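Worksheet: the structure to be examined is printed underneath.
As written, the chain order gives the labels A, B, C and D, with residue 1 at the start of each chain.
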Amino acid sequence: MASSIRVRAVESGGVTSLKALVRHPMDSGFVKDSAGNIVPAHFIQVLTISHNGKQVFIADWGPAVSKDPFLECRFEGAKKGDKLTISWIDNKGESDSTEATIA
Amino acid sequence: MIDQTRRGFLKGVLGAGVAGIALGSGLIPLRVEAAPDASNWSKKAFSTPGVDDTISELYGMEAVESDKISMDLPTIAQNGAVVPVTVETSLPNVTGIALLVAQNPNALAATFEIPKGTLPFVSNRLKMAETTDVVAVVISDGKAYKATQNVKVTVGGCGG
Amino acid sequence: MLKAKIILVAMSVTLATPQVLAGATPEEDRKEAVEYFKQMFPDVPLTEFVNGQYALNEDRRSQWQSLQDFPPYEFAVADGQEMFETPFANGKTYASCFENDGIGIRQNYPRFDENKKEVITLELAINQCREVNGEKPLKYKKGDIASISAYMASTSKGKQFDIKVPDNPEALAAYEDGKEFYYSRRGQLNFSCAGCHVQNPGKWIRADLLSPALGQPSNFPVHRSKWGELGTLHRRFAGCNANVRAEPLAAQSEEYRNLEYFLTYMSNGLSVVGPSTRP
Amino acid sequence: MMNKPLLTIGLSLSLWVPLCAQAGVKEDFQKIYSEAESAHKDAGNFQWTTTTARLKTAESAAESGDYEKAKAMAAEALQLANESVAQRKKQAEAWKNIAIGG
């Protein structure tokens, strides 16, 4: 299966701007399905972005983050060609991780 | 990491047991494994209604209004399921940002740790059930600051 | 413009058979429509009409633009590409059914098939391709077919619609049929498509901003926040019909295909921008 | 007590009348329902969802034996269906008055 994470990271003037989209239902646990049953909460809890083994951004998310969550952040100290690791884990213990190269 | 984040952090550790403590010994653990650690995810803060209670649960203090926090979000959301929210601040030494949606069943939508070298900027997309205040909290020099902006959420989505 | 309208109405009254309406060819219809919308929105460049409500309202536009960074349909388009490239059980792929292997052809659909004497939409062609190759057809409103169609549209981004109405009675009848559907009031609420999207674009119906008819089909398949997923143009037709309390017709019914034919013809010369996002 | 026979007659009458009415209602329902159904069909691709909904409600009311409700719903369906047929007929010409290009 293709990665659940899509990343674009661009360095300009010493600042890396990272945009990521994660494929995830982010079910809040407040919504009913068409049959009237509550869809149990299923959402990403933690997403981390690491550069050279150092975490440069940590997001703790709750179920109020939209389906297929989007994140944009900016950090210093990385250069074009550097690798970034983006990882997430959800409330069911499912997780995924991907590597991206800074352009 | 600063006391405020650590406070929430330690709570998580208490709940999570040994694995959490092992991680807690290195504040920025060098991890190569795929899955991030969710043991310090604050269940309590994420299940608290109301902005002020949530901020105090999260950071153990009250936040004061600041005009140095800028929020970019629509005045009228075209759909409450996907509302883009961007926060940026000129406050110094920022270590954390949180986004709260006042009228949601639980106010806290997201918290972000901002390590040194990362800019105090974040953009997310959030769900809002109804017209609401959105509050951005910024931890700067160990103190909590906040800014508020209202979003009108209307029942839209013409056609099935 | 208004004068032209009155004259045309007057002419149509004097003529007995609507089929031979004063030589109102599809191309004349289209030109008149372009003129009409230009006058209605003098500040909106013609090329912007494909963006619907986002061409008309700044607050809406900025929300939309912030979604374009990483549009929520990206995953579906990737899925669509994978399905498009995965061989059927017989070893052939979708590419074998289409001109130019199916790449960059969205702007030519729907087209009129002069042998079958009917309008072939892209989604219908996708399913015909499956059936020719021994696969079961897909459901028409959402899911795999929307993803495949979205991928195919994405390979046509920026290409201009070039819908042809061949000069034969069946093709013209299909076009006229679609036009009649667009302008006819339906449902208990007694609304026509045109009542909103020709006469009142730019106005609000409660929380919804009405888009102009021109350019409407070019952003499909569309990812609606309301749906949380991609849907096809015919899913949207059905939703609009149901909204005015008219019984929706089946996706890919002759009526909806003819409607798509008319509506897409009106967008000739405008660019394919699908898939896109809408509220 | 003193008017026991009268009371009995009264009771039996009151039982008999609704039963009789019930039988008539069922036939009325069936007649109106089939009229509504055929008008709905006649609306072609101008059918209204509200007609469909009333027909469904009428049908399920009839299945559960509530012919009063079934009849009332069928009558509403008939009225809506007739309006949708009128709409179809009117639109066959009326659309041209607003169409760009004539």
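Keep in mind that, in the parts below, a contact is a pair of C-beta atoms (placed from the backbone, for glycine too) under 8 Å apart; a residue touches a chain by one contact, two chains touch by 3 or more.
None of these values were measured; they are calculated from a predicted model.
Here the chain-to-chain distance from chain A to chain C, counted in touching steps, is 1. Chain centroids computed from C-alpha atoms place C closest to the centre of all protein C-alpha atoms shown. Compared on C-beta pairs in contact, A-B and B-C come out with A-B as the pair having more. The centroid of the Cα atoms in chain A and the matching centroid in chain B are 15 Å apart.
Averaged C-alpha coordinates give centres for chain C and chain D that are 38 Å from one another. A straight line joining the Cα centres of chain A and chain D is 56 Å long. The set of chain A residues touching two or more other chains comprises 67, 70, 72.
Touching of two or more other chains is recorded for residues 81-84, 86, 123, 125 of chain B.
Applying the touch definition to all chain combinations yields A-B, A-C, B-C, C-D.
For chain C in complex with chain B, the residues that touch the partner chain are 59-60, 62-64, 66-67, 72, 205-208, 224-226, 228, 236, 238-240, 242-243, 248, 279. Note for the complex: chain B touches chain A at residues 28, 30-32, 34-38, 41-42, 46, 81-84, 86, 101, 104-106, 108-115, 117-119, 121-128.
Contacts from chain D toward chain C in the complex involve residues 45-52, 80, 83-84, 87, 91, 94-102. Interface residues of chain B, counted against chain C in their complex, comprise 74-79, 81-84, 86, 123, 125, 154-160.
Interface residues of chain C, counted against chain D in their complex, comprise 5, 8-9, 11-12, 18, 21-22, 24, 28-30, 32-33, 36, 179-180, 183-188, 190, 192, 194-195, 198-199, 242, 245-249, 255.
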